[in-house]
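Next up, some structures in structure tokens.
Each of the next two complexes has chain A plus one more chain, namely chain B in the first and chain C in the second.
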Partner chain A sequence: MLQSLDPRVNRLGLPNEFDTPMPSKEALDQFETYEAFVQVKEGKPFEHVGIVHAPNEEMAFLFAKEQYSRRGMFCNSLCVVKTENIKVSPYSENDIDIYDSFSGKYSGSTSESFEVFHLTKRGKQHKYEGNVLAKDYDDAILAAKESFPRDKAIMNVWIVKSEDIYVSDEEDRDIWDTLKEKKYRDAIDYKASDKIKAFKEEQA
Partner chain B sequence: MNTEALKELIYKMADDLLILGHRNSEWTGMGPLLEEDIAFSSMAQDKVGQSWQLYKILHTLGENDPDTVAFMRNADQFHNAQLCELPNGEYDFSLIRHFLFDTAELLKYQMLANSSYTDLANLAKKVKGEAKYHSMHAKIWIKQLGSATPESIERLQQSLDVALPYALGMFEKSPYEKEIIDEGLFGGEEVLMEAWKAEVEKIISDTKLILPDWSTIAPVYGGRKGVHTKHLQPLLDEMSEVFKVDPTADW
Partner chain C sequence: MYGGGNVFEAMKATALADEDPKKLAEFEARIDRGEKIEPTDWMPQLYRKQLIRMIEQHAHSEIIGALPEGTWITRAPGFKRKLALMAKVQDEVGHAQLLYAAAETLGKPREQMIDDLISGKSKYSNIFNYPAFTWADSCFISWLVDAGAIVNQLANSKGSYGPYCRALERICAEESFHLKYGHHCVIHLATGTKKQREMMQAAVNRWWAPMMHFFGPSDKISVHSEILMKWKVKMASNDECRQQFLDMYVPKIWELGLTIPDDKLRKNTETGLWEYTEPDWDEFKRVINGDGPCNKERLAVRRIAEERGKWVREALLAPKAKYVTPLA
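Moving on, here comes the complex of A and B:
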């Protein structure tokens, strides 16, 4: 039987070697990805924090909550958007405003609601800028170009239909309240360097 | 205030959380997908953290310090429901247990937020947000897998059938039931169980799972009085291994 230092592995009673090879997996069997956005404080803009894999948006929300609001990361609200529902503009370089590359005129249509996110600098995260009404994604970029005054060049823009955003219920706000005393969860509290040093000296 | 009644009430909760927290932590690194592995492990830590807070309250009531209480008792001194100590089995069983337990846990904290014992009421108010997330997590999984594929439905159904008698065992009445209710410490197991049944019925009815008639399920009692399955002692031995080698171990 396969012996491991991990008692959980021993309990599985696995053979040392498997007779039959692992069944082959179908290509591209992963769940779809969702982008998670966190609002750290009431009144602050939502900011992109990362990606989760999930079978649907409810589960994406569940996973994002644990990935991106643990360990002293403050969170007031969280939302998720399916990655494929985010329309991404081209990227600009240096101090060129990406909006300059969009010519044309906003239609003035108010048929659909869109949310706009801006990236101002390489290495930063996309931040929520505001809401615009337009007839489609391309129109929404033009609407955003007119609506949002900019003192800095915008490097990249994300446009999302408002209806594609999944956000937590107002009545579930209390899920963000947790016990403050969580030092035992933080790896930062495992001060082992002295012990490792002593062990190494002893071995030498 | 009846201190013995209060202690019994808190011991049951703390032991439930410690034992189930430990069981759920056994999934760490083995979860069905990375995101779920992290979420489930994180909730397991929440549970252990909540048990620690409850053991601290017990310490103020004259019991030993939390580490000693957690690590130095034998199985027959634990008051957790047997549901919590059963081995993880496959993920379907762990999910069903998580759902049945955390549905009750959230309702219990909501009731305890009005407890006449202030320390407990304050703690309940502080952790009911955590419990709500745990319950939400469980419900969404059950809803998802309870209607997904024939295999997922069948697996959940089998686990549900196995777990239900143990789940009803969570509500075994205390010898101090009357005092606990009269003194306003807690609304009592009966009230909790009825609210729990209604919630479980509601969630299960959104799936393709079948909930048997409650009257056909014989509750498995005993855990509250220190009667446990053969699975608890090995868990305790493993959990307390480091503490028993070196009680001052620190990391």
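Moving on, here comes the complex of A and C:
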């Protein structure tokens, strides 16, 4: 049996050598990915923060809360979207507006609701821009082109169907409230200069 | 937390020969302008490969690094230390998630990274192949191994790959608590009773050699490392990181009345560089290749966690399953 300094590891009764290598993981053993967006403060736009792997959107929301709204990372609201449900435009160079590469005409259809996210600068993350009504993803880009006045070139656009977004409920706001009370998780709680000073004086 | 001294893959002389010279020039110009590379951008195969390797090693180091400290959660002295250590270990595992996600944007699935860690194909920071004998070892790790990691991470956060930089920014923000917490723990022991001081000193003695190994062997100036630096994959040489660490932390160790087990260690006032006994690189190689005190344990624990967690993942994969009350 494998011997460890950690009694908990000893209790696992691990073999000294495994007889066989661990079988390779199956595809999607780690689940699909969801893109997470955080709103740091009331009135600020949702901003992309990263991905989580999860079996469904509720779990994705929970994992995203753990991963992206922990201490120091303030959060007012959070939403997740399955990665495959995001339609990504091509990327443009910094000073060219990607909307210029879309030439068709917006149909004017109001059959479906879409949410639009903009990336304005390379190296930054996508920010929520607004909602448009259109007949499909391609139409939604054209609708966004007409709807959102731009003073800066947009590098990249993400389009998501509104129904594919899983967002925290307004009435669940208190789920974000526990963050500030855990002082032991902050650097400021570990002041020790007095102790060092006293120690040095004692040694002198 | 994270291990420095990345093991980069050896580069073949022909590695860049197949790349489109025009695209390569545009790619390099972008990096020269200080712009980030994003997942959808064209990038040379070599850049992609080395970044996957580096970010993946970093992610594995976070996961494995949580093990020697995790050992001490239940035995940390007092409720507050337990809470803080638990928070720190949770952070480290969270960092691994952020890093796996960054590596995934380069096209390697998370399943494959976990496979490669457990099979021994991918490496993690060598320092975690050493055991934490006492609480003071855990304090040393929290303060100084994290400090070494921060030196590395701050350098890397100025690198060229967007998703990795963004993950590192989040990680560095959390590391400040780890560092302060670790320092606080060490100060408490070093300024405490005779027995506490002895325990802290013994930990410093045990961990100094692995700490010097942490940043990796001196990098030879090669075409390879020149390209990695030019592409801002590698941001500082191993020696630069080691020097920076010594400069920042040796005085802080000394001011606590602790000694460092290297009689050659001193700062050369003329060169401004630290002189030290050359670490035993044969031991470093031996341990990184599997023959350290804890390599087996670390991977076995990781493997068993995957195997025993399988039912949870399977259960989650069937969201329509219903709970049925047991009959008896």
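By definition in this document, the second predicted complex is superposed on the first by the 172 of 204 C-alpha atoms of A that agree within 3 Å, B and C clash if a C-alpha of one lies under 4 Å from a C-alpha of the other, contacts with A are read in each partner's own complex, and residues count from 1 in each chain.
Criterion: a residue touches a chain if its C-beta (ideal position, glycine included) is under 8 Å from a C-beta of that chain, and two chains touch if they have at least 3 such contacts.
Just so you know, these numbers come straight off a predicted model, no measurement behind them.
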More chain A residues in contact - chain B or chain C: C
Partner chain in contact with A:50 - chain B first, chain C second, else both or neither: second
Which of chain B and chain C A:204 touches, first, second, both or neither: neither
Contacts of A:62 with chain B and chain C, given as first, second, both or neither: first
Touching partner for A:172 - first (chain B), second (chain C), both, neither: first
Contacts of A:2 with chain B and chain C, given as first, second, both or neither: second
Partner chain in contact with A:25 - chain B first, chain C second, else both or neither: second
Residues of chain A at both interfaces, chain B in one complex, chain C in the other: 8, 31, 52-53, 55-56, 59, 66-67, 70, 182, 184-185, 190, 192
Complex contact set, residues of chain A against chain B: 7-8, 31, 52-56, 58-59, 62-63, 65-67, 70, 172, 174-179, 181-182, 184-185, 190-192
Contacting residues of chain C [partner chain A, same complex]: 35-36, 38, 40-41, 71, 74, 80, 83-84, 87, 91, 94, 97-98, 101, 104, 109-112, 114-115, 118-119, 131-133, 162, 165-167, 170, 173-174, 176-177, 179-181, 183-184, 187-188, 190-191, 255-257, 296-297, 300-301, 303-304, 306-307, 313, 316-317, 319
Chain A partner contacts - residues on chain B that touch it in the complex: 26, 30, 33-36, 38-39, 42-43, 45-46, 49-50, 52-53, 126-130, 132-133, 136-137, 140-141, 144, 238, 251
Chain C-touching residues of chain A, taken from the complex the two chains share: 2, 4-6, 8-9, 12, 14-16, 18, 21-22, 24-31, 33, 50-53, 55-56, 59, 66-67, 70-73, 88, 91, 94, 122-123, 125, 182, 184-190, 192, 195-196, 198-200, 203
